[in-house]
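To start, the structure under review is shown below, and the notes come after it.
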Amino acid sequence: MIAEAIASLLIVTGAAFVLLGSIGLVRLPDIFTRLHGPTKATTLGVGAIVAASSVAAYAVNGDISLRELTIPLFLFITAPVSAHLIGKVALKDAAARRQN
Amino acid sequence: MEVLVSLSLGLLSACGIYLMLRPTTFSVVLGLTLLSYAVNALIFFGARLKSTAPPLTIDGLSGQTDPLPQALVLTAIVIGFGMTAYLMALALKGKAESGTDHVDAGRDP
Amino acid sequence: MLTTAITISLVLVGAAVGLTLIRLALGPTMPDRILALDTLAIDAIALVVILGLLNATALSFEAALLLAIMGFVGTVALCKFLIGRSIID
Amino acid sequence: MMAHLPILPVLIPLCAAVALLLATGASIAFKRALSLLAIAALVAAAVAQLVMADDGGIRVYRLGDWPAPYGIVLMLDRLAALMVALTSLLAVPVLLAAMSGTDTRGRHFHAFLQFQLMGLNGAFLTGDLFNLFVFFEILLLASYGLLVHGGGLRRARAGIAYVVLNLSGSALFLIALGLLYGFLGTLNMVDFGVALQKVAPADQGVVAVMCVLLVSVFLLKAAVLPIGFWLPSVYSAATLPVAALFVIMTKVGVYALLRVVTIGLLAAPFTAGLLQPWLTWLALGTIAVGSAGMLAAGSLSVVIANIVIVSGGTLLLAVAEPSAASISAALYYLVQTTVVTGALFVFADHLSRQRGEAADGFGDGPRLASYTNLGLAYLVLAVAACGAPPLSGFLGKIMMMQAMQPSLHPVLVWTALVLSGFVAALVLARAASVFFWEPGAPGIEERPDVPYRPAWGATAAIVIMLIAVLTVSFAAAPVSAYARAAAEQMLARDAYVSAVIGDPARIDRELRP
Amino acid sequence: MSPRPDSFGRRLLPQPVLTLAIVALWMMLQSDAGGGTLLLGLALGLLIPIFTSVFWPSRLRVFRAGAAVRLVGIVLYDILVANIAVARVVLGNTRNIRPAFVDVPLDMDDAYVATILGSIITLTPGTLTIDIDMDRRIVHIHGLDVPDPAAVIADIKSRYETPLKEIFGC
Amino acid sequence: MPRRVAAQTAVQHGMSNISLFLILLAPFAGIFAVSVAAGFSRSLGAWAAGASMAAGLVAALQLAPQVFSGSVVLWRVAWLPEWGLDFALRLDGLGLLFVVLILGIGLLIVLYAAYYMPQTDNLGRFYIALLGFAGGMLGIVLAENILLMVVFWEVTSLTSFLLIAYKYADVEARIAARLSLAMTGGGGLALLAGALLLGHVAGSYDFSVIEDRAGLVRDNALYPVILILFLLGAFTKSAQFPFHVWLPHAMAAPTPVSAYLHSATMVKAGVFLLARMYPILAGTELWFVIVSTTGAITFLYGAYIALLKHDLKGLLAYSTISHLGLITLLFGLDTPLAAIAGVFHIINHAIFKASLFMAAGIIDHETGTRDMRRMAGLFKAMPRTAILGILAAASMAGVPLLNGFLSKEMFFTATVAHPGFENAIYLLPAFATIAGMLSVAYSVRFVHDVFFDGPVKKTPKVPHEPPVWMRLPIEVLVGLVLIVGFLPQLSVGPILHTAAEAVLPGPVPDIKLAVWHGFNLPLVMTIMAFGLGILQFSRRHKLYALRDRFAFALTSPVAFERFYRAAARLSTALLAFADTQSLQRYLALFFSFAVIAGVWAWVRIDLTGGGATVLTGPLPILAVDATAVVAAATLVFAALGTVVFRHDRLKALIYMSVAGTVVSLAFLRFHAPDLAMTQLSVEVVTILLLLMCLRYLPERSARQSTTGRRMRDGLLATAAGTGVAALTYAMLTRPYETIAAYHMANAKPLGGGTNVVNVILVDFRGYDTLGEIAVLAMAALGLHALLSGTRMQGPGGPTLASADRYPIMLAELMRPLLPLSLAVAAYIFLRGHNLPGGGFIAGLVAAVALVLQYVAQGTDFAGERLRINTVRLLGIGLGIATLTGVASFVFGYPFLTSTHGYVTPPVIDKFELASAIAFDLGVFLVVIGTVLLALTELAGLRRAEDVAVPAKGDA
């Protein structure tokens, strides 16, 4: 029951963060600021949702499943690289715009 | 749901076919890819929409989906991938030889 | 309780997808679109995990993991392309 | 090993292809030897199959030991054995001709050749419709590789058209298969016929649409009007030994049609007459277009390609109105036209090597060195190709004419059969005039400094093809008798049902959802 | 830069840290700590690095495990904080923010460690690594709301760079 | 289908009458003899040719007593009995007559040609074609099976083509040969159709049988069709108006050929056919009208034109046409007497016309010209030849005491006696007289213009007598002219009688062949013809003037070439209209075809009754949920976006990938995790590939379609999409019976896996999967073959700094990520048989992880480290999969039979090992090989700009 409550909380929080990232994506003024939203909020949101899944699995089977945690782990490793690359593209893009 | 699925597949195929009828190789590849999405989905939905579990014979799962269409789609996806790769290479070769990626450039008059 | 939470979160993630698609459509620059696509992949992971919870199946994990891997690869490829028009050189 | 005979025509080329991939760095001589060895083995297997199938039995080979309709089975009947034998025998001269230098004009020729044979034989042997799709893809991809072998813009562009069109065909094939499974719940060819018989009236409309879509795919491969225009530019773009192999490709379409019609569509009344009203017209149109194409052609290879189109149209006449007579005539016609057009392509290869820049075009070229032998070979092949007596083309024509006598439009059919041969005769006579009789253009009248010495492989290829043409002509009776037996076997559906799936009532079927 | 000849042991176990990581990942994936899983994981942990060592010839050495654990804690905490900060910015009046580019000078020359630093910067409040220039030894970052660039630089250097240098000994 | 009825002769006559076959075999065997002999010397070739003709003649004469005794000799070998075509021969009187003519005159021609043809000519080719032709003729006259007759009919068309084109350096010869092939070959096709119909109607293709059923044939509704088809064959071959055009042009052939083809053989095949079919097809009003009218017109027309020809051979050619018209007319008159006269004239014409042609050849040979205006007074230069020529010409004119007179007299008699013109009894005799007058006129002209007409003119060569051996054949023939002329009953009486027996269905009337029949109407007609003919000759110049005013364009052989080219141009134009060689057109046609065919089938089911066109099935409809709506909306957005932004390629690619993701999520939603994963990974690899290709393609594509075209395509796409939607809907709303229960039930116990999809892939339908990886391997191989060594130039971007080329964070992070990804791949691989995963997805994950090394650090770095021969890797993968399949042979099971079991090694818990895993390993390796090969090859394209790699002979 407690596990289910935790899971519910986690999942809603996570979904909220996912939405937050997308709101940032829409609202923020330029590509560099927009990059902040998804790299942080969305990634964390998924982490929370996955954690919810783990907890829920525990609530159902009683097993602790760490398997799901590989997903946020992977995301935390790769998100900075994605941001770095998109940032580089944006820099190049901005430079090209300035030239024209 | 059935209507929604049917219309989606119809739209996907229409877009795919429209793109295939465009004159550049790249559009053709895009079109073929969209069409193959539709085709794969069509085969897949041969198992119908109403099913409650994946086609695994693990205890506790019941009312599994018909596995055969899934196997067929898997084969179709892989073959489609090979074909797309080859077609792209051919498109490049055509571009290298003729300087354009128009599908009909350089053919016999 | 969990079911309600799942429903709420589905709505939230659905909204996120919609917003992301708006950014994808609006751009205005290519990096914006790539960012939107990358975000979409992550949104999709969220969706997959939530749906897995809904259907009480552990079988969507691999798909989610694959989404993460392939989303990353896609982003890398698109960025590399835009940086130098060449992905592998 | 006899128990595994049905799979060998697929397995032998597959193993050869694997060996060629593993030996990717080996010398060309090694690859040629390997390829030749494999094809020799293939011929042996094919002949053994032919002998085995001629007892009238239907051999069912269960892949993975799974029974039909659950698993994939191979179905070795007279028709399959005939097609496999034809393919395998055609491969010999093709390989020999290609060994004269064509195979070194690009990479992986021999591997593609083996894959092509694997695909063709697999398509002919399978008793499963989805598996037919898979082997269609194998043979198509191999044909793409072979088509563009040698490089150049013309091949690349012809390749793009060919590939894209075939990919569209594959998409439609998949749609039809998806619907087939979705409506009938099976993939086995024989079971397809069984299931057709049980279709409720309310479902017959959609099932008929599915059947027609399936047929459309095969019509694309058979290059029927109006979806066969792709063929001439593709065949004439390929290197000529490859084109010689390609003549079997349109026959795959015809084969598939014959198979699906006899084992499937004819099983149920609502599908039995699905093709007849319009396919005859398309076949006639195809013959007309092919004839016009011959007249308009500017090179021998384009003429041959159009002969291939005409022969496809001719064969479709039988598909449109299937009977023991029409199918047996069509099967003989199929064998002979494949051999003859294949031989013509091999000949054209030989010819263009001699004519240098002029190649096989009808423009000015140098006089030929081995005039008499080439001329004689051409004479035989041209006579056979235009359906003039006493060679196989004529025999095929009289069979088709007799068999189509009771058809819906006998006058048109006869006229088409006769006139197309007439046009071919005119065009081939003009070609003879150009190649053998007209003086060379100013400046190229002199023979090249190095006299042309055909490689032994090229000569052997032509000789083999000539022997084949003469054999099909003068030993026509056994071939024709086999064709009739095959046709009668094909039309006896019950034998297939009991051989492949036993008692249809005992199939484990489940109503879903 | 071909891999230099190594001792037999190094060739057999080129990356002990990696081997551990693979075993851990394997057990996570299997959600199982049984003997079979462990053994198979070990087999993979030993085999894969041998195969991939060509891509990663230098051995990764961790000097201070304790410092590493502490840094992970700091970062996880910062991630949470970061998200709240981002949420405030995103949901607030986006016109008032002061985004800026800041160059953070580096005190090390190991590209790998710099990459870890860059990742941490991205994952933590309001900052984003756009580029790392190892020639000029700077990390080019973007701040979402930067009233004082110097403070940001100082923060990064003290909170993350110093522990990293401690962990990897550079 | 008509089956052979009279099969009785096959064995009985086969052995005893082998001579019959030998007659036919002789010339064909001669071909081989000549081809060997001519290699040694020119004369040896001639001897071989002559010997083979003689051999045939001997064989024929050996059978003559049997024929004269009234029996028909038969011989048969089965060829295609199933279809009515047998190698069945017969020898009756008509046949024997022709055999003697063909071989007898053939023998003379062989001799003549040996002297006539230039010494520089080896003659091997000539004799081979000539023998082939003679063989064809023999086949026609000896055929018992009418299809076999058609066979030989076309053999003569073909060999005459070769003979006419013998002097192929002349453009006229080449065209004339093709023209004759077109006309006589074309007629042969009509004959074929006629023969097939006749066989169908009569129920047999054997003459003997058909003859017995002649009444049946004539009463059949198809009789007019059969008759016309047969007559088309006969008339084209025997150069009846208006099918005569080929014959004058055929004079381009060397004279021996003309002498042979236009006297005894080729053209006689046509009249032989009339004679042969006479008992079957004659005796009707239709026969009479068509045959006699055609013959009469040709008779008159040929004679008239012959008079106008200045060319010696031209004159003879038209005279031939005229005489063939006469023979045709005789058969057309359809009385026994006329028919016998026809047969008789066949003989006579052959004899005198062959000698005339040979004489003309000598004149041509000796003077160097054939234009009668350029020669005169040759009687003095070559008196012996002149006498021979005059005698032959006189026979042609019908001078008494010569053979030509006899048959012409019979003709006149037949016209007088003909019952068909009761109301205009003088019409036919008058016509005959006029035609006779014309042939007298041209015969006189021939004699006058060549041999007399003043002193010898200066000709290109100085004329003198030819060698004796060259004249000998003419002497023999003119001898026959005289012998038959003087002693008709003794010389040709018997054979004419036997031939008539074969031709006439009823009893043969008793005809006395005599030189003098008394002073009767026919004699008056002869005298009138001569008088008028000579008058006509004297006024010939008026006719020349008339001719010059109305010259026909069609008389030039170039006309045929022009006609052919026009047909070719028309075909080209039609094809250019139908086939624009455009892929877009092909595709539009194909999709339209499918749509129309589908709609047609749909409509037809309703029309034919029984079935019904019901779209919606009985299943209840599932409620729509919010996720589905979002997904569908996203899909629409992505698909339309791909279309809208197709010109902005990168954008289009992004939209497309969104669509793909939605589809894979749909798979997941409907419980297909394997599918979702495969779709996802394939999509990403595809996008990688496409991006790598985009470098070399224009960034944006130009708008090239017109609005109309876009509308058309839009309509077509909408129609096809509607079809797909309708069919999908029909499927989704219907229940179905499936065989899948078997798979579900047996996957675990027999297949050893709980993931049924995977068990189907590697076991139930492992054969498909084997094919699928073969496709993959081939795709990679094809890509390799296409692109290795190809140079490509992309729209060159700025040269990048190293930091931009290999972004540092990416490069550094890829190092630890590779081994971890490989561990994930191993996890997915091992999991596959029981849970979602498997070799294919694992292979893609591993391949992508490896490719990322290339992406992050470049080909130089990664390629140097990852020394994999990708082609060989494909071989290894495919080989492992194949071997797994073959392994089951050892246990006596079919290909790809799997086995599985539990192994319990120490420490490890129960670990299930199925042979399918080995198969899956093959899949895994092929996937890695394919992806690596494709991507590295694409990456290598740019490098080819710098380093020119010579294309090695690596096949």
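Residue numbering begins at 1 within each chain, and the chains themselves are lettered A, B, C, D, E and F in the order written.
Note that a contact is a pair of C-beta atoms (placed from the backbone, for glycine too) under 8 Å apart; a residue touches a chain by one contact, two chains touch by 3 or more.
These figures come from a predicted structure and were not determined experimentally.
When the partners of chain E are compared with those of chain F, the chains appearing in both lists are A. When every chain is reduced to the mean of its CA atoms, the largest separation from chain C belongs to F. Taking the mean of each chain's C-alpha atoms, the chain whose centre lies closest to the overall C-alpha mean is D. By number of C-beta pairs in contact, A-F leads over the other of B-C and A-F. Of all the chains, the one whose CA centre sits at the greatest distance from that of chain A is F.
Each chain gets one centre point, the mean of its Cα atoms, and the points for chain C and chain F are 61 Å apart. Work out the mean CA point of chain A and of chain C, and you get 9 Å between them. Taking each chain's centre as the mean of its C-alpha atoms, chain C lies 48 Å from chain D.
Chain E has its Cα centroid 17 Å from the Cα centroid of chain A. Residue positions of chain A touching 2 or more other chains: 23, 35, 37, 43, 65, 67, 70, 77-78, 80-81, 84-85, 87-88, 90, 92. Contact with two or more other chains is made by residues 20, 25, 40, 42, 44-48, 50-51, 53-54, 56, 66, 68, 75, 79, 82-83, 86, 90-91, 93, 96, 103-104, 107-108 of chain B.
Chain F has residues 581, 583, 587, 591, 619, 673, 694, 724, 727, 731, 736, 738-740, 743, 764-765, 768, 772, 775, 778-779, 782, 786, 804, 807, 809-810, 813, 824, 835-836, 938 in contact with two or more other chains.
Chain contacts here follow an irregular pattern that is not a line, a ring, a star or a complete set. Taken together, the chains touch in the following pairs: A-C, A-E, A-F, B-C, B-D, B-F, C-F, D-F, E-F. Within the complex formed with chain D, the chain B residues making contact are 20, 25, 28, 32, 35-36, 39-40, 42-48, 50-51, 66, 68-69, 72, 75-76, 79, 82-83, 86-87, 90-91, 93-94, 96-98, 103-108.
Contact residues on chain A toward chain E in their complex (touch as defined above): 17, 20, 23-24, 27-30, 32-33, 35-37, 39-41, 43-44, 63-67, 69-70, 76-77, 79-81, 83-84, 87-88, 90-91.
Per the touch definition, chain A reaches chain F in the complex via residues 77-78, 80-81, 84-85, 88, 92. Put simply, chain C touches chain A in their complex at residues 1-2, 4-6, 8-10, 12-13, 15-17, 19-20, 22-23, 29-32, 34-36, 38-39, 42-43, 45-46, 49-50, 52-53, 56, 58, 61, 64-65, 68-69, 72, 75-76, 79-80, 82-83. Chain contact summary for the complex, chain B toward chain C: residues 53-54, 56.
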